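First chain A sits with chain B, and in the next complex the same chain sits with chain C.
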Partner chain A sequence: MITLQMEYRKIKRKKIGLTMCAMMSIQFAWLLWASKNPSEKELLQGWLYNLHTQPLLCAIMMPTVISVLASRLADIEHKGNTYKQLKTLRTAGALYHAKVLCGFLFILAMTVADYLFLLALGYGHGYVGNPDLKAYLLSFVLQTACCLSLYLLQLDLSLLFFNQMIPLVVGLCGSMLGVILMYLKTYSFLPWGGFLSSAIVMMDWNPATRIVTYYYRDFSSVELFALCMIAVWIVLFYTAGRILFTRKEG
Partner chain B sequence: MKTSYGKAVHAERLKLRRSPVWLAFIALPMISAFFGTFNYLNNIELLKSEWLSLWTQHSLFLCYFFMPSLIGTYCSYLWRLEHTRHNWNSFLTSPIPLSALYFGKLTHAVWMTVLGNLWIFFLYYICGRLSGLNSPFPKEAVSWFLFGTVGAVAICSVQLFLSLIIRSFAIPIGIAMAGGIFGLLVTNKGMGLRYPYSLYSMGMRANNPNLALDASAHLVNSLTYVFIFTALSILWLRKHEISAN
Partner chain C sequence: MSTQNLIETHNLTKVYSKVRCVDSVNMQVPSGTIYGFLGPNGAGKSTTLKMILGLAKPTAGNITLFGTPVNEKNRIKLLKQTGSLIESPSYYGHLTGEENLQIIQTLKGCSEKDIDKVLKIVRLEEARKKLVNHYSLGMKQRLGLAAALLGFPKLLILDEPTNGLDPAGIQEMRELICSLPSEYGITVVVSSHLLSEIDQMADHVGIIRKGELVYQNTLESLHSHAKQQIALRVSHTAIALDLLRQDGITATQEDDYLLLPLVDDNYVANLCRQLVSQNISLYRVEKREKSLEDIFLSLTGKESSL
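Let's look at the complex of A and B:
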């Protein structure tokens, strides 16, 4: 707890929350723009549309947003060259946990804001009926897990490399991969494809009638396996990060 | 005898020596080209315009979202050394005019962007030939390249200014990403030529190779942004008390 408090003191006045708010507001603007002037048919399927669009936007934006977050949380030690000093005050494991927890709280806050915005958007547009809260909750949990897996990867890279360009370029490449994977398959085993695997609503577009229909996804065994990969990545990145950070010299 | 500008460019080259920053400019367009070509080949019965269709697959996401971020990353890297430890002191007291020091950085940012653009077009040509496109390479590509590069210079000047005034390495990159996405919305509203982050994608005719670009407006707006942000950066360097970290 003390180590976590220390993390928050370190980032005081670094305006990380403000940065994340600014980046999330771009995502909100995009969602607002994408759902403007809904037709009657779209109003009927609005709540499902939200659950379909959200993971796709996350696949584009989140890898970069999270790389910025992880870099901001890790670079203070690089700039001050304070790793060795900190390790004399707290164990390396506790320091790593504090960074993970601090970033996770940011992620949680961003995801909560994301889903509150989706609900506000739906009621604002006047989507028919009420949202399926179980589906929204499941989608929320899966998105948080995807963000956490990416955060752990980015944190590991940001802690290991003094040059923050490397983790940020990885984040950018991840965003690029996320976009491209969208066109290829509805699931992916890669960490950046987790948002696609975790989408619980799919879209069916009829080229003849040009009608779009949204439906709840029926996960096949391969898709379930891709979904499980999110948990595997979390464990893998957490374990690797903890070991590497503990062994890191200076 | 080297001029101040020549010395500044040389100094920047020394700072960037043995640093793998150029790798990002190689890797990201490769991902885009590989998957863009894959997608083109998978939908070849729908995408009938051969080279033009392939270009849309290659350029859409790269030009809108990722090239501004990549330029942002490079610009952040160019100021990174100055923002570290006490390097502002030595930078600001070097016996070279501050404007020359700034132009040394801008030159490197533009140079890397030009190389990145050349790489994008090289990949486009190679992927087209490997995909079995036997028709001649589109002549319009020269115009895409030139206007794209001019638009990229505008982004370079904006990002260099942001990376100068923001000490964090990551935040200007986030702004570039957000700027690129916002550029998509602005372009969709028909105001792309007025917004710096859209000038690149419009110049490159990303997603719309047949776009009739208002060339003079594109050039004037790009150069205006370059002029404004260059002036702001030099002014900031001259007037602002930059404290060493």
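Let's look at the complex of A and C:
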């Protein structure tokens, strides 16, 4: 617990929270713009529309946001050459856990803010009916898990490489991949595809009538497997990161 | 095992890509001393110290700290009684000196009052509220020492603490290190590739060469190795050698000189008279002393830097 507290003390003046807020506000602005002036039909399907749009935006935005977060948390240690001192005061495992937890709490705050914004948006626009809170909660859990898997990957890279350009480029590429995956399939086994694999609302667009219909996804076995891959990535990135960080000599 | 030794290593070895960087080192650091760990660049000093601190895993051998063999379970507990400054100081540049020390103090679990004490010792009281990014290298080095001193550990491990400091900073750091055993009861291990530096600070010395500990004893004992000789340069070396042999003096020839053990002044005067009486020209009579540098070079190899 003390090690975790120290993580927050270390990032004083680094304005990580502010940076995350700024990046999240881009996502909020995008969502606001995408849902402006809803039609009557759109108001009817508004709550489903939110659950469909949110993973798409996350797939584009979150890899970059998370890479910036992980990089900023790891870079303070690289710049100050501090691990050789910290590793004489705490075990490498405890230091790694503190970094994971510190970043995860930021991610959790961002995801909570994201879903609260979705609810506020729905009520603000006057979407018909009430949100299906169970579906929103499920979506929240799945999106948070995706963010965690990506955060672990980015943190591992940021801790391993002194040059933070490498993990940042991976993050940017992940964002681009998010866009590409949107046009390819609705699921993917890659870590960056997790947002789309875990989307619980799908869209059907009828080219003849040009009508969009949103519906709850009935996960096929392949899609369920893709969903399980999120858990696999979390375990894999956590284990690999912990081992590599522990074995890294100061 | 002797309880007087704060550090003992037994056949400590580290192999990096088939190169034995540290080879069966048996280091013994007595309590209450300043142990100078001397060796040329790349000899294995930092690697040895890193292994003692658990920052590098030994390939073979073991380490005993404060009389207890170190393992993964007790490492952090044992290191709580230790302070260290390895190669360059560790710091968070975006935090003030005081904030940096607060982090270390919390992690070490020592008293907050220690921060004021160590800042006073390293003379950084006035710069405590300044961001470390705005510190000079010397100030950062002193901050590193302050962090190592937090909790006033029994053992302080300093790896090349004067690296990058100006002469005044070196002098200041040296005085500070020398005062630690007497004023705070701290045993200090200080590594350096500079013999003069160790000569001015340490009372025990370990010399490492190509990963092997080639000498370990008191500095006094190292000084006693400094051999005094009389050097003669004459026109006929062979005749002079005969004369010396008749007197029962074993001399060796080195370049144009005859080297004989330190003899008394009367014998030297007699010898000179005899040489002149036999028409041998006497060019030079010198008293030579094998310096610490010579001893260091003979132990570490001529190619080593001082």
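In the analysis below, the second predicted complex is superposed on the first by the 250 of 250 C-alpha atoms of A that agree within 3 Å, B and C clash if a C-alpha of one lies under 4 Å from a C-alpha of the other, contacts with A are read in each partner's own complex, and residues count from 1 in each chain.
Just so we're on the same page, contacts are C-beta pairs under 8 Å (C-beta built on N, C-alpha and C of every residue); 3 or more make two chains touch, one makes a residue touch a chain.
Because the structure is predicted, anything quoted here is derived from the model rather than measured.
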item: First (chain B), second (chain C), both or neither touched by A:Ser71; value: first
item: Partner chain(s) touched by A:Leu168 [first = chain B, second = chain C, both, neither]; value: first
item: Residue contacts on chain A - larger count, chain B or chain C; value: B
item: First (chain B), second (chain C), both or neither touched by A:Val128; value: neither
item: Partner chain in contact with A:Arg9 - chain B first, chain C second, else both or neither; value: second
item: Partner chain(s) touched by A:Val235 [first = chain B, second = chain C, both, neither]; value: neither
item: Partner chain(s) touched by A:Gln85 [first = chain B, second = chain C, both, neither]; value: second
item: Interface residues of chain A shared between complexes with chain B and chain C; value: 14, 79
item: In the complex with chain B, residue positions of chain A that touch it; value: 14, 19, 22-23, 26, 29-30, 33, 60-61, 64-65, 67-68, 71-72, 75, 79, 163-165, 168-169, 172-173, 175-177, 179-180, 183-184
item: Parts of chain A lying in touch with chain C, wherever the complex brings them together; value: 2-3, 5-6, 9-10, 12-14, 76, 79-91, 249-250
item: Residues of chain C touching chain A in the complex; value: 50, 53-57, 75-76, 79-80, 82, 84, 86-95, 99, 102-104, 106-108, 147
item: In the complex with chain A, residue positions of chain B that touch it; value: 19, 21, 23-24, 27-28, 31-32, 35-36, 38-39, 61-62, 65-66, 69-70, 73, 76-77, 80, 84, 168-171, 173-174, 177-178, 181-182, 185, 188, 245
